[in-house]
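A, B, C and D label the chains in the order they appear, each numbered from 1.
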């Protein structure tokens, strides 16, 4: 039985993580923290967990917390996370970190896009990116895994094999993503007030979203190819789900068919990536750890459509999959 | 041309009011106030009004404000409204007040339910309640009209004629209402954060909602009959619309048919109340000033279903209808 | 390992059932039928199940079907179900039936409300109603269980203990229910066309809904008390969830507190009924087998609010719970 | 007073058209047809119009119909429309046609994409495309106007001035559109069944949507420049609204700023196109005839975002605007 602690447990990714871990036969959730524990009991913050897990929120005390857990899932905002992850690792705890702090290849890019001094700069660049389909071996042995961003997951899963196989023009990538509102987190904001975003679609972060460099850096890490992705996210009136429509120029005579062959071959043994003939929709992956992908031709472009649940394969499901890899469980445990 | 000013113009009812008044051929909106004018220009707060009305928010200065308007629509919260309405009237301005401050029959009930000292107690009980279908003559000559609550409108419109006609047991009224989220206003709150209230239904204010005494008092004012309504509102994942399902015991041999006859007769010359054979749905009155009503029999009860748009017939449309009555325009002006 | 077959597998309850059973460690789904198998493969009808369960739809041949299964879940419409259930039982298969065919106490009431001759009249009245919290012992030993209706589950779970304990006036029950659209099934109909029911609330079946006699008959079966429930369902723009607001007159000095005590005591050992102090919302039970209940006072009435997921505790989750009881598994298996 | 008839009046565009025309002081709706008049009265099909317009559906008899109207709005499907438009014009009626039949430049392209023989081929190519902002003069004098497609409107309005001004690479245009479900019409289909498309996003018609050639042909007609647009529509869980995200390569040193200048200059006197600094959202144009546009830079691309209401500026509002131009009314009549 692995003892698990959750750092920063009041948000949607923590809630989803707990729901998944409650199905894991080899996990016991022993501790949970909150930075502002207004409500001391878990069930007061997450009413859906009433009578399911009897825990009180505590303020993080690393020494006490670490003594009671084998693995920490860190659900803090960027910078706040890297301020505590190091001491958790030093205390002998393995960590899956949900923040962006350890995802990028270099501190400079992080500090440029996040406009903050990185509190644990030395580790940056040496932490496996938590997509087991691409980085499984380094995840298995890692003490720290950088859980991936939701949009990057939806873009990197289809683009990584195609880029590595040299089927697409690395300078032509446009990712147009549509996400449900849970991706914005649980903090209130007029933009996410129900009557503001219901019955509406909005583009946001055009040219400025922090997941843009993440896509390029991880694609580069996996393929050795430099890309310059154009990325535009859109807010959609639904709870959960991301659909990314990706436009690329094929090269060297590649086609939608050869792209599909490449993806089918690459993912044929992977339990959570489904390469489908039909156009995938987000509803078919909601509440699951699947990413469904297809490729079509339109004019001179390939149009790739990928879908995943931003809270599962885009966050907490990926985290459990990484945890399973790290602790040598079947990767599908608690995720089927 | 009537010059109109809006006090407290940043919320949804003010936005809806402006949209309606822009269609009014005899209205010019000359002034608008905000208590915290972070954004000075109207279009910065209500982006849908960009290029449609060129006004800056100002802090209310009654003397200056009143000098430039003939009628004020007051969209402030309760108590805040009554703190300024008196001085507007004294300055010669006629007022339609959206708050609850002047709706009830007596100050005692107001202070009991709103837990605040009434700033203008003398006027309470002498202000016409703004349902022209019931109180038209006193509205026409009034300097101040208390615009009705959205839930009470949906309950009083069907119940007033039936109660007055003696068709229903005044002690048996149960009003189960369902409202879209715009009814909660524009102030952010975790309860109205999109991922919290989307895909969910919630009862709230059970036994404690302030519209409960409003229903009883206005029914009493119109009919002379004392009622003791049970009222439960529910939050529904949609922008706008109220459906009230009302359960009453018929008396003296009355039936769904005789109740329908009573309503048909009472409202036959009213442009905004439609008594329908079919079960009405909120979508069919969305963005209109209609209230649709029907009556059915179920066991020993009559089941009345009424629908209206909480922002129009339940707020800003009713306000324009009252304004039209006060200034002797056709009541349907700007509302068709 | 129990071999399971599904009769009528193209709808939402069958999909939900499969999702749950795929988590059951002691179940193998071996066969699935459709009355009009336009798409032969499961993944063509339920795209979310692609790569998860490799089965083809077949036309029901009872002999062949029964030879390969231990338990059948019958998801056919009323009357169609009772036309095949008998032969399945005769072939040695135990059956959980989702239809209304075996829920009522007598054939006469069935034929009056469903306007069809019952194809298997002899069994009616002798089949346990599938709410294990009320009828566990007879379910455990049954060859056939009548899976309950979604609305009745939300009403009976709170009302049964209160009625049995004599806390409420049996003639005063009014059930006002709100349901997501999945409750209407998967057959297209203009009423459930997205732009018709989105952003709208509708009452339907006022005084005529078939779940009304079901509530009274099952309450009567459990408590021995005759009730005459007034029941009104409403269609809400969301996928799943039922919230029932139940108005009753307390008797003999009972109060919200004594009602809460009664419910707390009755359900204290039940894993799937949570008696809560807060007002429950449907979101907190979505995708779970929980029914959450509370009681409040309003005027002279008790207002009971109960919530459940119409596809889980209101259908497929209840079916799995019944299956677990019948085959002696822990009732929570595959449901946590 | 202009007498107006509606051909094919049961769908959403006809409903929206009627709502708008009821506000038009110079219009009388005299006749309405349906190809399958199951419900004879308008209010039986469009319940929101109860008591607002007293008309019965009739089967189209051109001679009788034309004798009673000055202008017909034709809301039939493609090919069905062109089968009757000619005879209406011959009978002296001016026509605004909602179908695609007269939008394209040549019959060959129409027949290739719509896979049907055009019933009125001679007129194709000689009918003004109903975007008054681009083709006002020819609309004013026309007997027949081809009302534009909803997606093309959202793409052509921003692209036409930029392409004509030579600011963008004509071979680089990618249009990624998101639409509410009303765009799919009122005919039931499993894809638009509420529980199928709610809480989901889907791409559709990838590489095959008929609005793709319409965008290129109309851009070519206005600018003389040949384009080869990549177009992907997406279905969004909301009633109404289109947001198009358009990716183009700037040429000759053009930037987001120069593109904004171009658009501001082009549309500065147009009442229904708003060039905005903020990112526009569909909610801010819902129920209006506005199209809001902005341009941003992202990497080497310009990202254009345009929004409109698919039923208003994308269909019935544009039709009324065209009607106003044809009959010499102020173009904003009934549209403010």
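Going forward, a residue touches a chain if its C-beta (ideal position, glycine included) is under 8 Å from a C-beta of that chain, and two chains touch if they have at least 3 such contacts.
Please read all numbers here as calculations on a predicted model, not as lab measurements.
Which chain has its C-alpha centroid farthest away from the centroid of chain B?
Between chain B and the rest, the longest centre separation is with A.
Consider the two chain pairs B-D and A-D; indicate the one with the greater count of contacting C-beta pairs.
Per the contact counts, A-D leads.
Centroid from C-alpha atoms only, then distance chain C to chain D, rounded to Å. What do you get?
46
If you average the CA atoms of chain B and of chain D, how far apart do the two points sit, in angstrom?
Between these chains, centre-to-centre, one finds 36 Å.
When the C-alpha atoms of chain A and chain D are each averaged to a single point, how far apart are the two points in Å?
39
On chain D, where are the residues touching two or more other chains?
Those would be 180, 196-199, 237-240, 281, 283-284, 286.
Please give the residue numbers of chain B that touch chain D in the complex, ascending.
Residue list for chain B touching chain D: 22-23, 47-48, 50-52, 199, 274, 276, 278, 280-281, 283-288, 292, 336.
What part of chain D is in contact with chain C in the complex they form?
Residues of chain D touching chain C: 12, 180-182, 186, 188-190, 192-199, 237-240.
Please name which positions on chain C make contact with chain B in the complex.
174, 176, 178, 180, 196-204, 206-207, 228-232, 234, 236-241, 243, 245, 247, 279, 281-284, 286, 296-301, 303, 305, 307
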